[in-house]
Each structure stands twice: as structure tokens, then as C-alpha cells.
Amino acid sequence: MQTVFSIGVDALAYGMVLFVISIGLSVTMGLMRVVNLAHGAFAMIGGYIASYAARDLGLAYAFAVLLAVFGTILIAIPVERLLYRRIYGQPELTQVLMTIGITFCVIGIANYVFGPTLKTIPTPESLRAPVSLGFRTVSAHRLFVIACGAAVALGLWYFIERTAFGVKLRASVDNAAMAAALGVKTEVVYAVSFAVAVGLAAFGGVVGAELLPIEPYYALRYMVTFLVVVSVGGAGSIPGALAACLLLGAIDTTGRYLMPEFGEFFFYLAVIAIVWIFPRGLAGRAK
Amino acid sequence: MALTMNTETLSTARDRRARLTRDAVGVLVILAVAVLGYLLFPNNLALLTRITAIALLVLSLDLVTGYCGVATLGHAALFGAGAYGAGIAAAHFGITDPIAMLAVGVVAGALAGLVSGAVVLRAHGLPQLVLSIAIIHLAHEAANKASGWTGGSDGLAGIMPDAVFGLYPFDLWGRTAYVFGIVLLIAAFVILRQIVRSPFGMLCRGIKQDPLRVRAMGASVHGTLIRMYAISGAVAGAGGALNALSTQVVGLDSLSFTLSAEALVMLVLGGTGSLYGALIGTLSFLWFEDVVSAANPFHWLTIVGALLIAVVLFAPKGLYGSLAALLERRGRTDR
Amino acid sequence: MNAIFDVRNLKRTFGGLAVTNDVSLSMAPGDRVALIGPNGAGKTTFVNLVTGNLLPNSGSVALGGEDVTRLGPTERVRRGLVRSFQVTRLFSEMTPEEHVALAILQREGRTGRMFASHRAMPDVMDEVHALLARLGIAHLARHRVSEIAYGQQRLLELALALALKPRVLLLDEPAAGVPQSDTARIEQAIADLPADLAVLMIEHDMDLVFRFARRVVVLAAGEIIFDGSPDAVTKDARVRQAYLGSYAYARSVA
Amino acid sequence: MKHVAIAALAAVLMGGVAHADTIKVGVVGPFSGPFALQGKNFKAGIDAYMALNGNTVGDDTIEVIYRDIPSADPAQSKALSQELVVKEGVQYLAGFYFTPDAMAATPLLEQANVPMVVMNAATSAIVTKSPYVVRTSFTTWQTSTPIAKVAFDGGTRKVISVVSDYGPGVDAEAAFKAGFEAAGGEIVEAIRMPLQTNDFSPIMQRIKDSGAEGVFAFLPSGPTTLGFVKAFNENGLKAGGVKFFAPGDLTQESDLPALGEAALGLTTTFHYAVSHDSAENKSFVEAAGKAIGDPAELSFPAVGAYDGMHVIYKMIEATGGEPDAAKAVEAVKGLSWESPRGPVTIDAESRHITQNIYLREVAKADDGTYYNKEVQTFEKQGDPGLAAAK
């Protein structure tokens, strides 16, 4: 019984890490209809900024996180204006080509500037201490990530469903021409959404760095994982992404506990099964 | 009516001649490039053979992605099935005749095509992409697990193909492998030209543009796509077998997500929905990669990335697609 | 009556709401029937139920005496039930010649052929050109569909349906969106449809309905409220009520 | 025009006489992609050797040509090796980080009359694939066997083995198992986990449930080791007194800054520690550190490459710069020298390097950095993997 609880905690924590890192991708893919394979690259940029700020400059963790989020957005703005704007509404394969190109460039530059070694983001003492849950200990950082995941989910849900901007965003997504005719500045809406998505990517990159450490190849190494959880959840749906992350996190964790040697089989067979049953993703809308 | 019938028959004959001429030109161009490659880079035939094998993979991907509109990031499963099929036949069953190995590769590829088609065609769009990713990872893991058969992560070694027709052994310079590969590529090209132009190919193009319309014509979308997947698998399997024959080793990379993604990149780079696009995409990507990675083995990835971005910005339909569109526009204004 | 097309007590509900309720409709070869009804009457649902894109909760659809209620859309097409689309659904990158050839080959079960071009099949090409000529678009045979005018696309849509040699043809607003100058061509094409073909036309344009139909069926709120001659339809009280009611509503919105 | 004629004349005159040549060495390795760090270390080791020993042997100038294979890809490796041999005319093939890449190129050697010096790939069988293969790195068997003895002698009797599910992982498991069971210990469970594992918590749970006193682990160096070691600590295994044994791949120096405190006290056995105390190593570290830019990035592939260059220089000396693979390989059989890692010998029979294996413990230096501190030496270790395969 204790083992079951223990696995449950691990599953929840892992699922939340997946959620925090990939929810930004869900925004770009679902709401902006861009297959953004460079999502991992932005997460990585965030990680590098935070690492530089906290490790080399010795800034406080919270400040490093903020710096990472806004620094990444700052870097992403010209990228959005010059490159992404050209692929909105283009065929998916064209978007794939462009965003893979961007990813390659970012990897190359990171390798050149920061070198190929792992970079860590020093966490404050309070996040490093193990916390006892009675039946086991778990690192405070894991609990922090779970809290972050919940906060991001709620905040994003509120932002999209309850604010005036969210209304404009959803309108632009459903029918850009109509939204424009009603006076919505779709370009601004897209730019802001892109910034939000990139900010979330950077945030996820920093917060998840304990599990997915920052190094130049980060941008490609975890791309498949991000893509899978977002698509299984149904791109653009926050509850869907959350459900997919928790479900896949649980399957992955349990599989790796029960039969580690077949861990990959568990995960991908589950993916096939889920898509088989929900061909549009867990929360996919008919389109 | 009799008169129109007559002109119709005439025009049919003329069409056929025009088509044959165009195909002959295509074959000649491939041949010319192949000979040119042989003459210009006689010391680099291994690379050229590798490009030929990957070209078969990209052609095969074009069949399902370019002609049928199926999004897949797992196409290397078909290529790897061919490579491992041919390799295992040689290493474990003593089937070392190159033609027989090729046949095994083709069959293994076609079977892999049927299986992955059956799974991938279940969904559309992104979920489809994810299914294909799951397939390639499962295939990769399965090959890693079955190390008794596949050599696992150390690679399947001990593939010793006989001489082709008992006359031309596979040599260090890679001449035999290269000629073998080019003949294979041309054969595949000619057959595929036929297929994409046939009623079946036309149906596939129809499915890509509007599957609902095709259903309303009484055609079975799923059945058609599955058949195309099997054909695609045979072509990719041939590429895999060629790879096994020429390098005499098969590694897990031939069943990797990376190879699948690269194949897709090459296809989009060249231009989807045209056999020439697939060939041009493969040739330019691998050639470019070879040149820049030799020039700077440490930071070439950045340059390749920049190339991809540039192509999207300046040739959004891919190298061949954009060129063809340009020529067409030019031709129209001239007229 | 020897019905080629026979729908009985068709019913379909969405979340408890009956969108098609107990609809029965029968046609004999050579029939020219117009299905009309105000917006939201359930015409689209009815078409989808007939073509097999939706399954009914109850009731049956029969073609030439064979029950096809459980068959999918492609099977029904193969048994001679063909539809045209209200908004053209064509393959924008293909030519009219290819469209019609594909339909003919599909009809004859030859789309599985992999080693010959349709252009090398004289019988197919002759039929293609004959059909395109009949609809007056032979000169466009080798233009890409995306390059030809909408009216001509509608004609091609019709050609496509005819190429399948249907026994029952569902025309979903065949003249919708076509500029005035081209409607005559389409009407002519409809008038020239084979005499033994049973045609069900879903249409808004009453002028067209009166010129075309020998029988009019009115659908309102998912039920058939009228089935009779064109002359009688305008005099029917329920029809007037259904239409005027909806017009009154429409005006209040506008 | 005149110059060309003179040059041509000079070329004709000089033919046949002993003359200065450029001898090319082709190095295949991961210089970009996920293993770029290891490739960078290859280059650093080679550059260091050439900086310390000059770039000439006799009259001949040595030129190194690099070719990139981002991750294991035997077909690409064979194509590049072939290109290096036939197009670039290299006299020596070297490098090879991954076993399949090395294996794929071995069939070329005899036909091409080219020796191969393996600077990393660590599967025992590579040297058996061709008589022209010499290895200056290590094998997983070689580095994993002594830790079994360490574990047993330290009083641990029940161990759970946890390895990544691929060739080297399986090798490590087999080596440890053979050594530990021969000593009298018990392997309570052997787990193989997928290479692509991000979260190791469930694995830690397995270790906990197995009731083992110690864990033997093998993962490829890089990001996953970080997750593994952190999970080991965070799940309370370290605090719970579970002993940790591994070959040195897990605590390679370039990963230590990231591992930080989590790695403190971990014991591993390996053939090389950057901290090794000797004059040879001091000058090596200085030269290699300069070559790589950031000395913190220095790791074990650099020493494999450094010694590989030493072997190649000796081969060139022996053959006088003429292409003669058989003679070259013959010349280095039994060759002994003082490497930065300690005294080493090329075993005459297996052509693999015989070397000391050190037991190390991760310790914190005075300046706050972490390093592998050598605490015990197992002298003159051969490769037990070859014997085990027979």
C-alpha cells in the first residue's frame, strides 16, 4: 500500500513537470495553430538565462526565474516578428521545417556560447530539503513543481476563459477574418499569445530543470515528449493537457516501476491506445 | 462524333508519347547526375550510395505524405524493417545473394508499411503524427530488445553479401554498391512514375485534397491508403536493404525518430507531392550537410538550421516546388 | 409503384431533440422531386442520413429494394446513390478531365490499377470528353480546377455525379452561389439528366423548384408537412404557416 | 607559369627519395549533437598531444581531419571512414566514440591497409573484428569488474544492478555480476531501464523495495546521470545507507559541477581521473585544458585520444611514414609508456590497453569544486570481457 502511495506521488510530480513544460506548446499549437518544434529551444533559453543569473551572477532563485521568463520573451519577440509571422496559417509541414531550422540554430548557438556541459540552476535551500510525507520523503522541489503546475493551469484557464483578452484570442482562433472585422487586432493578439507561450516554455524549462537538465541538445532531446503529451491531450485545451500529463506521467512511472525493462513499450503503447480511443486527443474538439 | 473520337485517340497517343519522353528525360537526368557524381567524386561513392538509399526512403515518404497527405514522423520504421530484414536474412539465414537480400528487404518493408499504416491511419493531423512517433519508438525499442537477432545497440554485423550476379563483388571503393543503388533508384523511379500517374495514384491525390469527396464517389479511403502504405514500405525497404548491402552493418539509427524526422525535412525541403522534389530534397540536404559538417564538424548544425529557415522564407514550396511554380508562371506570361 | 429509393420512418435525435422525425419518402425511376423547407428544417441531417454519413436512431433506407440502412456512404454510392455538394467539393489541384476520369474508373472498379494512365485508356477518355462536352466545359478539360470559374465548377460537380451513373441522384442546391449568367447552363444540364434517373433536389430557389420538380416535398421542424404537386404547395396552409413564420422571424432579426 | 614548372620539376626530382610528407589521420567522433562534449574532448586530447609533442614525426607532418557523427550511426560511420580513406587518403583512422560506429568501419581496414586506433568505444569485441584495431581507451568490463571487489570487500553482500538498456549497460551488468558473484556476493535483482528515462523515482522505489544493501549503476555519461544521482539522494536512498557503486562514466569530471553536492562521496572505478597526481598528467591537463577552452569540460575521452595519438606517432615512426598497416600495428604491440592516467601497455595479443584502474571517491576541493579523488589502485588490469566472451 505504501508503495502504491509512493508511486502515486512520483506519478503526480512527474506529470506536473510534464505539464509545466509543455503547456506553452499547447497554446502555440492549439490556439495559434503553429506546430512549434522550437518550443524546447525556448525552454532551454530560459534555462540558460536562469542558470547564468543564479549560478554565475548569484542572484536569488525567484529573481532568476523572472529574468528567465522575461529574457526569453525578449529574445523571442524579434524571432516572432521576423520568422513566425511568416508561417502563421502556412501548411503544417512548412511550419515543421521552419521551427526545426530555428531549433538547429539555437542548439548550435548554445553549444558555441555556453559549451556542451550540463548547466544547473541552483535552487534555494528551502527547495532542496527533503520533505517527509509520513510514508516517504520527497524533495521540496517536487512539491514546488506540483504547486507551479496547479498555479499555471489555473492562471492560464482564467486568462483564456475569463479575461477580455481571452475572448479576443478565442475569437481570433475560431475565425481570424471575422475577429479582425470586429476590430480585434489579430496581430497583437497573436504576438501576445506567442509571448505567453514562450514565457511558459521558459518557466517550464527553469522549473523542470531538476528533471530535464539544461544542455544544448535539450531543445531536441525532449521535443518528442512535449509533442506527444500536448497532442494526446488535445492541442489548445488546458484540462486536456493536464489530464494527458497526469495520465501519461502515471503510466510512465508505474510502467517503469513494474517493468523497467519495458518502460518505453508501456508509454508508447499507452499513447497509441489513447489516440485510438480518442482520435482527436483527450479533449479534442471536432473540427 | 466519329471525327472527335478520332482526334481523341490521336491525342491519347500523343499524350503517351509526351509522357514517355518526360519519363525518359527524368531517367536521363538521374543517370547524368549519377555519372557526374561518379566522375567528380570517385573517392566518395560511399556517401553517394548513402544518398541513394536515403533518396529511396524520402521517395517512399513522399508517397504517403506528398501524395496522400498522411503526416508521419515514423517513416524510418519501414526503412529499418528493410535494412534489418535484409541484414538478418544474411547474418542469420545465410541468404547472401544481393538480389535475394533486396527481395527480403522489400517484403519486410511492405509488411512494416501495412502495420504502421493500419495504426497511423486511425487518426488525423497531430494525433496522427503522434501515432507515427509512437510506432518508430516501439520499433526502435523492439529492435534494441531483440539483440539476439538485431545485435541491439552494437549493430547487426556479419553481413557478407555475395557478388552481384556472382560477378561484381562489393568493393572498398563502393563502386558495385553505387551502381547497384543507382539501378535500384532508377527502377523505383520509373515504377513510381507509373503509379503516381495511374488511376490509383490519382485516387490518392484526390484523398489528399478531400477524403470526403472521394468517399462520395464510392471509393474506399482507408483501403487505398493502406495499399499505398504497403507500396511505400516496399520502396523504403529497398532503400534499407541497399543500406545494409553497401555498409554491411545495420544499426538502431535506421529505426530512429531522428532518421524519420530528417527524411521529412528533406522531403519538405525539396517539395512534397513530386518525385523530383523528393530526389532534389535528399540530394541537396545530404550534400549540404556533408560539405558543412566536413568544413566545420563542430558547429555545422547552425548552418543547416539557417538553410532550412531560408528555404521557408524564400522558397516556401520547397526547392523543386518553388522552381516549378516559378517556371509555370514564367511560361504563362510568355504565352 | 416500383420504388428505386425508399425511406421509411427515418428518425434521428441529437441530445433528445428530434432533428429528423419519422420521415418517409419514396421515389420511382424518372421522378423529379424537390425537397424544400425553411432554414433549420433538418434538410442537411436528412441528406446525411440518406447518404450514410449519419446513422438513424430508427427507420430504414432502401435502394432498389435493398436495405442499405446499415451501410456506409461508399457502399451506398456503389449501389447507385450519388450526391452533389451544396458547396463544391473538388480537388483544386486536379483538372476536370482527371476528376471525371476518376469517377468513371471508380464506377468501373478500375481505380486500383497502378500501371497505366487514364489517358492511355481510350474508352475512358472518350466518355470523359463526351460528358464534359455535354456540360459545355470540354474546353477546360486540362485546366486546374482552382483556375476555373465557380459556375463551371458547379457544372463539373454535376459531371462528376453523372459519371458515376447513379440510379438515384441527390442534388444539394446545385445552383447555389452561381452568378446569374451561368444558372441557365446549369438548369439546362439538370433538364437534360437521364430520363430514368430518380432525382431529389434540395433547393431554396422556388423558381428553379417550379421549373424542375413534378413533385414537391416540404420539410419543417424535422417532419414532412407536405408531399404533392408544385401547384398545390403554395396553397397549403401548413406550408404557408411554416414559411411565413420563418420569414417573420427572419425579418425581426434583420 | 614558371613557378608551376619548377614545382613540377621539384616534384619529379623528389619522387623516390625519402621526403617530407603530410600524413593524414582521420578522426571520427560526435562533434555536434547530444554527445558533442565527448567529441570536443577527443579534439582536446589530440590537440594537447600535438601541442606537447609537435606536429611532425621525423620529416612528416601530421594532419588531423575530423568527421562528425552526432550519435551512433554505423552506416554513416562506414561512409565517412571510407571517404576519409579513399578521398582524403588518411593513413590512420581514429576516434570512434560508439561501438557500432567502430564495428562498422573495421571491414575496411585490411582492404585499405589502414590501422584503426579506437579512442573510446568500449565494447570488448571490437578488437577481435580486425587485426588492425588498437584501442587506447578502456572497456566497460575493464572498469566495472574492480568495483565488484570493492563492493564485496567493503562488506556489501546484496546488490541490485541498475543499468541502461543498451550494449554497454548490459556489459557493465555482466561484468559486475561475474565479479561480485565470484567473490561470494548476491545480485538480488538486475534491472535494465530504457535509455530515454527522465524520472528515476520509480527506479529508486524498486531499489528500495529490493532490500539490497548497495546498488550498482551504469548509465551513459551526460544528462541522465544527473537525474539518476539526484533521484538517488532525493528519494532518501543515500540517507538510508544504500551504497552506490558504478564505473566512472557516472561521475565524469565534466558532469561534476552540475552534480555538485549530490555526487559527494560516490565511489566509482575508472581508468582516468583528471585529478590523477603525476607529472605527465599535470602537463596533459594544462595542454588539454587550454585546447578545450574551459578546463571544467575536460573528461575521459580526452585521455583516450591523447594516448591514441601517442600510439599513432609510434606507428608512423616505425613505418617511416609509409602506409603499412601490418607493420604499424606490429610495432605498437607490447608498447609501454607513461600515460597521464598512469603506466599503460598495449597488450600484444588483444591489442587492447592494459592499465591501472582506480577506485575514486567524489570529493570537494578547497576551492569548492568537486573532483574524483583516487583512493585505491588496481594495477595492470587487462580486459576481462574478452575472456568472458570465450
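So that you can tell them apart, the chains are marked A, B, C and D in the order they are listed, and the count of residues begins at 1 in each.
Rule of thumb we're sticking to: contacts are C-beta pairs under 8 Å (C-beta built on N, C-alpha and C of every residue); 3 or more make two chains touch, one makes a residue touch a chain.
Heads up on the chains, UniProt names are A = Amino acid/amide ABC transporter membrane protein 1 (HAAT family); B = Amino acid/amide ABC transporter membrane protein 2 (HAAT family); C = Amino acid/amide ABC transporter ATP-binding protein 1 (HAAT family).
Small disclaimer: the values here were computed from a predicted structure and weren't measured.
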item: Chains contacting each of subunit C and subunit D, listed by label; value: B
item: Chain whose average C-alpha position is farthest from subunit D's own; value: C
item: Geometric centre distance via CA averages, subunit B-subunit A, whole Å; value: 33
item: Where subunit A and subunit D are represented by their mean Cα positions, the distance between them in whole Å; value: 36
item: Between subunit B and subunit C, centroid-to-centroid distance (C-alpha), Å; value: 41
item: Multi-chain contact residues (two or more partners), subunit C; value: none
item: Multi-chain contact residues (two or more partners), subunit A; value: 108, 111, 261, 264
item: Residue list for subunit D, restricted to those that touch at least two other chains; value: 32-33, 36, 40, 165, 194
item: Touching pairs - complete list by chain label; value: A-B, A-D, B-C, B-D
item: Parts of subunit B lying in touch with subunit A, wherever the complex brings them together; value: 65, 71, 119, 122-127, 129-131, 133-135, 137-138, 141-142, 145, 257, 261, 264-265, 268-269, 272, 298-309, 311-313, 316
item: Subunit B contact footprint on subunit C (complex, rising order); value: 51, 73-74, 77-78, 82-83, 85, 89-94, 98, 101-103, 105-107, 110-120, 122, 125-126, 129, 133, 160, 164
item: Touching residues (chain side subunit A, partner subunit B) in the complex; value: 29, 35, 83, 86-87, 90, 92-94, 96-98, 100-109, 111-112, 224, 227-228, 230-232, 235, 261, 264-265, 268-269, 271-272, 275-276, 278-281, 284
item: Partner subunit D, residues of subunit B touching it in the complex; value: 41, 43-47, 49-50, 53, 141, 144-145, 147, 151-155, 157, 171-174, 243, 246-254, 258, 293-294, 297-301
item: Of subunit D, residues touching subunit B in the complex; value: 31-33, 36, 39-40, 43, 66-68, 71-76, 78-80, 82-83, 85-87, 99-100, 103-104, 107-108, 111-112, 123, 125, 129, 165-168, 170, 194
